[in-house]
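These are the structures, in structure tokens.
After this come two complexes, each holding chain A, first together with chain B and then together with chain C.
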Partner chain A sequence: MKKIILLLILILITFNTEISAITAEEVITQRDENEYVKSARVEATMIINNSGRELEKKMISLSEGDTALIEFTNPMDRGTKYLKREDNLWMFFPDAEDVVKLSGHMLEQGMMGSDFSYQDMMESEKLIDLYNFEIIAEEKYHDRPCYIIEAIKEEGAEVSYYRRVSWIDKERFIGLKEEMYAESGKLLKEVVVEETEKIEGRWYPIRTVMENMLRKDTWTAFIIDSIEFNPDIPEGTFSLESLQ
Partner chain B sequence: MILIFVLILSSTTVFASSNYQIGGNIKTGVNTLFFDNESNVNLYESLELKLDLDQASFTLLAQNNSNKDKIDLWLKKAYIKYKLKDINLTLGKQPVSWSFGSLINVVDYSLGAEALDQETNAKYVNALQLQYPINWYSSLSFVTEINSVSKKYGFRGRTLIKNFDLSLNYINQSTEANSISRWGVSLKGDINRMGAYGSYTMIDYKMGEKTSVNTQALMIGADYSYLFNQGMGNRLYLQGEYHLLENNEGLKLLLQSLTGAGVGLEASQNLLGDGYLDVFLTNVNYNINDFSSIGIFTITALKDKSTVVIPNYRNQLTNNTTLNINLSYISGSQSSIFAGGVGMPELVGNIELTYAF
Partner chain C sequence: MNLAGRNLFRNKTRTIVSITAISIAVMVVVFARGLVIGVLDSSFSLYVQYDSGHIKIIDEGYENKTELLSLKHYVDGFEGNGVLKMVDRLEEEEQVQFAIPRLKFGAMASPGEEIIRMMGWGVIPEGEFQFTKIESAFEQGRMVKMGKREIVLGSGLISSLNKKLGDNITILYKNSFDAFKGSTFKIVGVVDHYLPLINNRLFYIPLDQAQRILIMEDGATEVLIKTKSMGKAEQVKPIIQQVLADNESRDKYLVQTWSEANPTLKLFNVAKYIYNIIYILLILLAGVVVINTMIMIVKERTQEIGMMSALGLKSREILIIFIIEGTFMGVVGSFLGAVIGSIFTKYLSIHGIDYTEAIEVVSGEFLMNPTIYPVFNFENMIFSFILGSVITALTCIIPARRAAKLEPAEALRDI
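The block that comes next holds the complex of A and B.
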């Protein structure tokens, strides 16, 4: 009997050792693989809240790698489109039917008045390529066991935030919360995933709320109304021609 | 015009479209002109209806104001789209604009002063437009207007070189007596964190058989955003643009086209003299919060310092309702380029509410 108990303890120790031996890079890779979208068609709603006052914007986006095409469909912005290819951002003005290349500095700003910058919205590069990671703790977040992972930007990488701290679900490999910091250590933004859903075999954030910590009483919710992974995207979709 | 409507209405593919969007907006506002001893108040309202199909687009505008006793109807857009092998064809009343982000665009097909994202009536023309896309960022376009008074056509080539948007344009407009042709090149991209753009235009006027005048126009511009609070706070947007215009009879025609006939060009002819005229434009905009912004637009003739100043305020009151307030003020002497017009108001104020649906 003692031998069996000893064997069980050994198995448990071995099992636990294997779990805690997972590296931060492996967690991030699994999360990247889970959340990284090769291509997708998304219908979404963005709610911008400032001191209780709200604006709602609706959009349809198509993305493939680091390329994205977004069209707004709410009445105030209907027909406004953005095309992002690498670091180039193009905008279509529906009334005048003009296609204008926006200056690069516009990528750093809040998209359509939201707390999500154009880079936040269209960032599709795998984070593993941009940051160095370390597991700094393990704890439960909203009853889900999580790894807390710190990411410091790789030297030379062009990213919006110097340091990120993420709460990643241990079983579903989905980020549930993230804090973004400046190099000075100041907390800039906080993202909380309020709702997740298993879609086509993977857990995916459905309702994400971003709070800009440097602005008072303001947050933006990004809600996915529908998502289709790896849709058929016709050739030439991500072109200036298709913006018009 | 009638022919275009027949074509549109008889196009079965238009109405066979499965995707469509219907919407529009209602605007109401008050426009006040302030003179020395009096003011002129004008109330107005408009209804714009839009129908967009896969292969057609229609926009009808109905306008009324307190100075008129009838409603004006204006068909802004009524065109069909068709793909002929690799060529995109649009036929009908449509906006033709070659804007690239400048405040004044002498390279545009429709020559006119316009701030980015604002619309001008001159853009909407009865035209046939052909576009041949070469790759995702390059294309060749041809436009010809369907107009009984004058003949107008233009060619445009557009591409991306080292992340700079480059366009080459040619526009020719002729009547029985005169013809104007313009060659232009425009460039827009980034230099470090600053947006940079420029254009060069050669304009050739032929009046009758013997008189021919050439004018050149050079423009350089830049824009920059400053984000407060370590790049996470409110945005201050700055844009500046410098225009250098060769000064001769051609310039007079060009300025009339750019600024409208009401501006005091006649009074200022003696001021222009020989050489060049240069104009500086600025556009400053500050986002007060997620819903509202305040800005100021100026255009200054550097020769006599006469300046048009247009402060503006915008507030998105609800999801569908926006309030816009702007003022226009012209400073300068009676003989100056911008303030020298006869019967010019000292101040123009406009308050407008827009409801989009």
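The block that comes next holds the complex of A and C.
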């Protein structure tokens, strides 16, 4: 009997060692498997709160790899479209006859006045390819056991934030909170995932709230109303002509 | 009087030198005053027309964000019932000549790779004509019309955008919710204004269009009021504040007179006083030449003065003779200076002095006409003439008293 108990203890120890021995890269890879979307059709709502004034935007987005088309459907912005192809972003406004291309520091501006920058929304690469990761602590966040992983930008990688600290659910491998820092150490943004859901076998953030620390008194909630992975996307969807 | 007159012509060169010194000083005063008044008046009127009116009403929170062209704090009437209703109510006041709303916002256009930053003004076209003299600056086309998607650009701006009258232009901007947007307008007019701000940065669109694209229904960033004159602003301010208070909007809005809205203009007013002191000092300097001449005359004529005293001329009469001599030089010099200075000022008040290059270096934001037209007026001419005459007469007292104090016996000994 004693031998059996000893064996059980040994098995448990071995199992535990295996869990804690997981590397930061493995955590991130598992997270990417959940959150990285190859292709999707998303209907979403964005609630922008700016000094007490609240604005709701509704949109439909189609994405495939590093290409995406977003069309706004709320009355105030109906017809406004964004097309992202690789690192380029084009915009079509129903009030303007020209398609506008955004580039450079303009991409760091808040999308539609929200706390999400265009660049935040354009991120389509797997984080594992852009940063060096390290588990710096393990703690509970909102009753969920989490790894706290620090990501420092890989040399030469083009990213919006030099350092990111993420709280990643140990069991579901989904980010629950993230802080983004500048190289100077200044906290630029904070994202909190307030609601997650298991969709088609993967955990996915449903309600995310972003706070841009450089702006006063603002926050933006991004809520996914429906998501369909790997949908049928008609050919030509991501062409410049489709914008107008 | 005759004696004084005769004395003046004894040494003509000396008298002419004294008169010339005073003439030059008075001439400089006439011209400098005309120039300073010209610069200040022109800047004052530009600030009133394009910046602050006589009185400006803005949202309390807008004061420190004016430069940023913030759209967060704006004027939307009494308790949000619309800026136009507020303007109508203000115009009912007897002291208010007219009031206009303006919606100022930042915008840009990107014709090709470069980005051109601009400043947009949503305006009521008729109000703008009343308030400024912009109609005279139209080079081509006409002003925008309310309800139409039309735009008027400065001639410098239109050429940097590579556009022409009749073309469409897409402007990019952030609306009041900070959302980046674009809108296309038809170019219906081009203004050619001497102010770099209007020529190179500004565009006009109808107020209702600006409100629509910026999502600021019935709003404007400011309301400008013109009273009967600039000087009345301080008196009218409490009336406006009372109108706001009667409509429960006293705490929401800030009422500023032109001098409060532009601290620079306040400094200009102080400068006016400083310049007046400089004019006096300048004439005093010329007065020193007169004093010097008079002292020499007194020295030369010590014996003569003694003789006059011995013959019974009272020292008060001697004092008067010398003051008359000095004053004569002062009056003649001041008259010549005032006339020549006025002719010069009048000429430049028509032709102007071109300061374009110097002002471009200063700043496009500073509202100043790059061609300075000194102001010619009779008030200035008479002021300078009197200033020259009085100061010279006063400076003559010093040598004249010296002459009057001479003892006859001592003076006669001075042979």
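Worth a mention:
In the analysis below, the second predicted complex is superposed on the first by the 239 of 244 C-alpha atoms of A that agree within 3 Å, B and C clash if a C-alpha of one lies under 4 Å from a C-alpha of the other, contacts with A are read in each partner's own complex, and residues count from 1 in each chain.
Here is the rule we use: a contact is a pair of C-beta atoms (placed from the backbone, for glycine too) under 8 Å apart; a residue touches a chain by one contact, two chains touch by 3 or more.
Only a predicted model underlies this, so the values are computations on that prediction, with no experimental measurement involved.
With chain A as the common reference, the superposed partners chain B and chain C clash. Once the two complexes are laid over each other on the shared chain, residue contacts for A:E56 go to chain B alone; chain C is not touched. When the two complexes are overlaid on their common chain A, residue A:A137 makes contact with neither chain B nor chain C. In the superposition on chain A, A:A157 makes contact with neither chain B nor chain C. Once the two complexes are overlaid on the shared chain, A:F93 sits against chain B and chain C alike.
Residue by residue along chain A, chain B and chain C are tallied for touches, and B comes out ahead. Of the two partner chains placed by the overlay, neither chain B nor chain C lies in contact with A:I22. Of the two partner chains placed by the overlay, only chain B lies in contact with A:L214; chain C stays clear of it. When both structures are laid over each other on chain A, chain C collides with chain B only at 113-121; the other stretches in 5-13, 77-85, 113-121 or 167-175 stay clear. Of the residues of chain A, those at positions 48, 50, 53, 55, 76, 93, 95-98, 100, 102, 106, 109-110, 113 touch chain B in one of the two structures and chain C in the other. Contact residues on chain B toward chain A in their complex (touch as defined above): 21, 23, 25, 52, 88, 94-95, 97, 99-101, 116-119, 123, 131, 133, 135-137, 139, 158, 160, 163, 165, 188-190, 193-195, 223-225, 227, 229-235, 287, 289-291, 316, 318-320, 322, 356-357.
Those residues of chain A that touch chain B in the shared complex are 48, 50, 53, 55-56, 73-76, 78-79, 85, 87-88, 93, 95-98, 100-106, 108-110, 113-114, 182, 184, 186, 188-189, 212-215, 218, 236, 238-241.
The part of chain A that touches chain C in the complex is made up of residues 48, 50-51, 53, 55, 76-77, 80, 91, 93, 95-98, 100, 102, 106, 109-113. Put simply, chain C touches chain A in their complex at residues 72, 110, 168, 170, 172, 174-175, 177-184, 213, 215.
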